[in-house]
Amino acid sequence: MELLKFNGITALVLKRVGLGLVTLWVISLLIFVGVEALPGDLAEAVLGQSATPETVAAFRKELKLDMPPHVRYFAWLGAFVKGDFGNSLANQRPVVDLISWRFANSLFLAGVTAMIAVPVAVLLGILAALYRNTLFDRLISMATLSTISFPEFFVAYILIALLSVQVVIFPSISNINEQMSFWQKLYAICLPCLTLAMVVTAHMMRQTRAAIINILSSPFIEMANLKGLRKLRVVVLHAFPNALSPVINVIALNLAYLVVGVVIVEVVFVYPGLGQLLVDSVSKRDIPVVQASGLIFAGTYVMLNLLADVLSIVSNPRLRNPR
Amino acid sequence: MTATFKLLRSSPFSARLGMAMVLITLLAAIFAPVVAPYGETEVAGDVWLPASADHWVGTDNLGRDLFSRLVYGARNTIAIAFLITALSFIVGTMWGFLAATVGGWMDQLLSRIVDILMAFPTLIFALMVLSVVGTSIPALVVVIALLDSTRVYRLSRAVAMDIEVMEFVEAARLRGEGLWWLMRHEILPNAMPPLVAEFGLRFCFVFLFIAALSFLGLGIQPPTADWGSMVRENSGAITFGIFTPLWPAGAIAFLTVGVNLVVDWFLHIASGLED
Amino acid sequence: MNTPEALEKLFRSGKLSRREFIARMSALGLAAAVSPALLGTPALAASPKRGGRLRLGLNGGATSDTLDPGIQLAMMPQTLVYGTLANSLTEIDADGQPQPELAESWESTPDAKKWVFKLRKGVEFHNGKTMDADDVIYSLNWHRKEGTKSAAKPLVEAIVEMKKEDPYTIAFELASGNADFPYTLSDYHLVVGPKDTNLAEGVFTGGYKVETFEPGVRAFCTRNPNYFKSDRAWFDEVEILGINDVNARTNALKTGQIDVMNRCDLKTVHLFKRMPGIQVMRQDGFKHFTFAMRTDTAPYDNNDVRLALKYAVDREQMVKTILRGYGRVGNDHPISVANRYHASDLPQRQYDPDKAKFHLKKAGLSEATFKFHAAEAAFKGAVDAGVLFKETAAKAGITIDVVREPNDGYWNNVWMKKPFCAVFWGGRSTEDMMFSTAYAKGVAWNDTFWDHPRFNELLVAARAELDEQKRRGMYVEMQQIVSDEGGVVVPMFSADLAAASDKLEHGKLAANWELDGFRAPERWWYKS
């Protein structure tokens, strides 16, 4: 607390970044131990039914799977710290090549979705709180509720059925590749983007609304109301800044979800994102790929959470000026 | 008792509607064997029959009576989702409040553990655990509850942090009230509205998550009926203009809307707003 | 319909096999009128057109895929490497016969032990080098080099010596006679690449060159202008997309984002057939499912127990329910109707609870419970098949416990470990390969641990037999032995269902692998 008091937010951020790095290291260890603990190894998983003792042994030897686990972990860690992510065990390609364009794709989809979803969600949340219990509020509530009431893949299939099969507007698969221009890519991801936007908007909007309504019952808002300030002014200038903390948290969670948790949408729309690679690599026990992509995901999470924490502190006058 | 009754009588139409929706689903779930005309896994006709007198909402992808599956599905879905949500809230709010009230090293420790758990991509976590221990219902419950409790922890900690700096908490502290008392009497009631809203959402989220796991082949295993898997099993039909998957999806939506209408009303009373 | 013109039309459109065509033309006394050009290109129908981009959406791609011909584990790399980029010495035509590809001709000694292959001249690799015998020998040895992971190792190890007689002639000496050696050389692993290069780089002789390859996601290929076949590889570009979700494949084809898909959803294929602009193609190939019993483990070491279980399966019901009719009933041996020596006269084993009871009683096990292990990883519907089996067996007084195993690790922990389990077999195009892979004494994948002296003797004899009639007799006897005494229940053969835009045209489909023997990119074309 002393540190916080004297050096303020910068020190806090530095401390949290350090902790974030430790978190990532613990995660890398956990992932390694976790994948090691799975029955079977890459040699068996890749070869499947066509595994013979001979080919499995050849595979193992080539991949150094016959070495003890801790030796392999530290070898990996040493290389990783030097910036060498290693090669995929399954097909010997550099992990960086496998991951970088997929991660870029994941960020692209998440970014476009967030640019639509966040402003819409916050705006709708404020409006719903402002006009709570009116027809408008109810309609918005119903609409957002029903979008989160269906499984994601079902929303996706409905959108495909409507906008891709019945009326041919958007493509049903979003297998973007490097030969496509930015606009072609944007067009290709319309449906997955819409699917995800519907899901996250609903969640963020409802939290925003709940947080603002919660604040509206506080004495200082009553005071503002009594002073005869306009309702819109009260909500936007007085209630919203005080409700920011939970709202920011929910936005951070949803952003992280957009990067990390969209495997299903990737599968349905055949989108070459990182999630699919991760799931594949876990089932193939391809540890270097699991490690690298797991750490990227974890890093995204840690960073967004850190950002949310800092923003919460900055936005909350009470926390900003500790007594 | 009379207070509850009075409260119910004063409830708005939307809340009553929500309660009715939840009640209908609960009754269907409890009396499933009585209500369902066919067995849970009984093959009763051809594949994807339209609605008829024999099959009120048609048959599914294997020719099982969809209405019976829906009713049994209610039972499995609600029981499992409720169990998971309750477990995650008990764990999540307790640690969250504790972190906020005690602060300092306790907050640091808990938050770091949760950071690690949350930063762990949900799906690999589920994939790894479920492929080691097998996809059984207890394993699903524990894994999802643990994953979910981290989210509950974060929210309840954030909310409690805001409450913790309020004057009345300070006053109680100065009075010398214990930790448990603070959490129970000062923080919990004031944190209730966002938490209840979250509970409603989480509850619905949980069976959507199970459905997502089923999509990847790790959820509740067939032939057990659960709404999420039923949507999944039949979803291929939708682009051919067959509406079978709309029924289980509709059932999920029905319950979700019902729960949320009740939650909204609760949020409204708890916030003490007059309109 | 028996005018020469009509027959020719039937033949060109692939409705008539070459053999049938010649037979019926001869019946008209017209054999001499058959144009050699017509017979020279049996898979081709009326005037194919060049051009266009073929987009295939395939199930069976993974991020771990490679272009290494030795490690081709699923449909996407197989179609890419064998079907698009590369050639083998021989290829299998639509009638299941080996045809020259990189080889021009071959001959063997009467014991089928020594073979001489003449290579085609003037074949160029994608890197411009001209192919000769050294490249072929190098490519075959690729599969048995130090530390190889190639699944084709046993195939190549049967070759004792490869000798380059001149730049376009290779003499092979085999460990034992093998009349099917030209078939073996058509294997999709045994493609030819340039000497002293890494074959995983994708440089081969095929009709297309690989431009980009992102494992499990996408491969993009352009036509090889110097391709040695002038009547093949009609497309300008071939794009192969990995789409593992069957609904996504179906939607993509429906909305015209891809032109071909493999493995249709059996649940919706009847609806798919009705859609305009779509053709659904069925191939009855070699793919089959087995319930494997370990014949070295009690009680499955008793043939009466095995027979009881064989009689307790309702095969028709399984084909109807599990395959939705897209398949054929099995007869407890692994030889398909698409194989050359399928024993069509062998009586079909029927569901017969009384006979099942009789054999069980004879084995003295009327109260026994059998644990049947299955998982969806074995084959799609394996657990359901187990449940159906349980029901029909119950009527014969046989109790079967279906044990659901985890998908993860099924092939390592269940297959060949548990005494009774569900198994998937892709099948083999020759009787010899199928039997040698899984039924011969002591081979790696003999999952029933079966050892039948007469069968083993016949296997070796039939392999070296060049006389068609004698050979057929031996294989028929072997099918009978497996059916009556083997360790497998073979309830069904599964058909392959693929769908394509009806703008595409093709000749009669080869049945050796899915999508015209993996060769759709090479053999199909767009209608004008």
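The chains carry the letters A, B and C, assigned in the order they are written, with residues numbered from 1 in each.
Convention: a residue touches a chain if its C-beta (ideal position, glycine included) is under 8 Å from a C-beta of that chain, and two chains touch if they have at least 3 such contacts.
Being a predicted model, the structure only gives us computed values, none of them experimental.
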item	value
From chain A, the most remote chain by mean C-alpha position	C
Selected pair, greater C-beta contact count between A-B and A-C	A-B
Centre-of-Cα separation between chain C and chain B, whole angstrom	48
Distance between the centres, which are taken as Cα means, of chain C and chain A, whole angstrom	43
Approximate Å spacing (C-alpha centroids) for the pair chain A, chain B	21
Residues of chain C touching at least two other chains	247, 251, 254, 408
Two or more partner chains touched - positions in chain A	38-39, 157, 160, 165, 267, 283
In chain B, residues with contacts to at least two other chains	131, 235, 239
Complex contacts: residues of chain B adjacent to chain A	14, 104, 112, 115-116, 118-124, 127-128, 131-132, 151, 154-155, 158-159, 161-162, 165, 193-194, 197, 201, 204-205, 208, 211-212, 215-216, 228, 231-232, 235, 238-239, 241, 245, 249, 252-253, 256-257, 260, 264, 267-268, 271-273, 275
Residues on chain C engaged by chain B in the complex (per definition of touch)	246-247, 250-251, 254, 265, 267-268, 271-272, 376, 383-384, 404, 406-408
Complex contact set, residues of chain A against chain B	1, 19-20, 22-24, 26-27, 30-31, 34-35, 37-39, 132-133, 138, 141-142, 145-146, 148-154, 157-158, 160-161, 165, 203, 206-207, 210-211, 213-214, 216-217, 245-246, 249, 253, 260-261, 263-264, 267, 275, 278-279, 282-283, 290, 294, 297-299, 301-302, 305, 312, 316, 318-319
Chain A contact footprint on chain C (complex, rising order)	57, 62-66, 73, 147-151, 153, 212, 214-218, 220, 241-245, 247-248, 251-252, 254-255, 257-258, 408-409, 411-413, 415, 424, 444-445
Footprint of chain C on chain B - complex, ascending	47, 61-62, 131, 134-135, 217, 221-222, 235-237, 239-240, 242
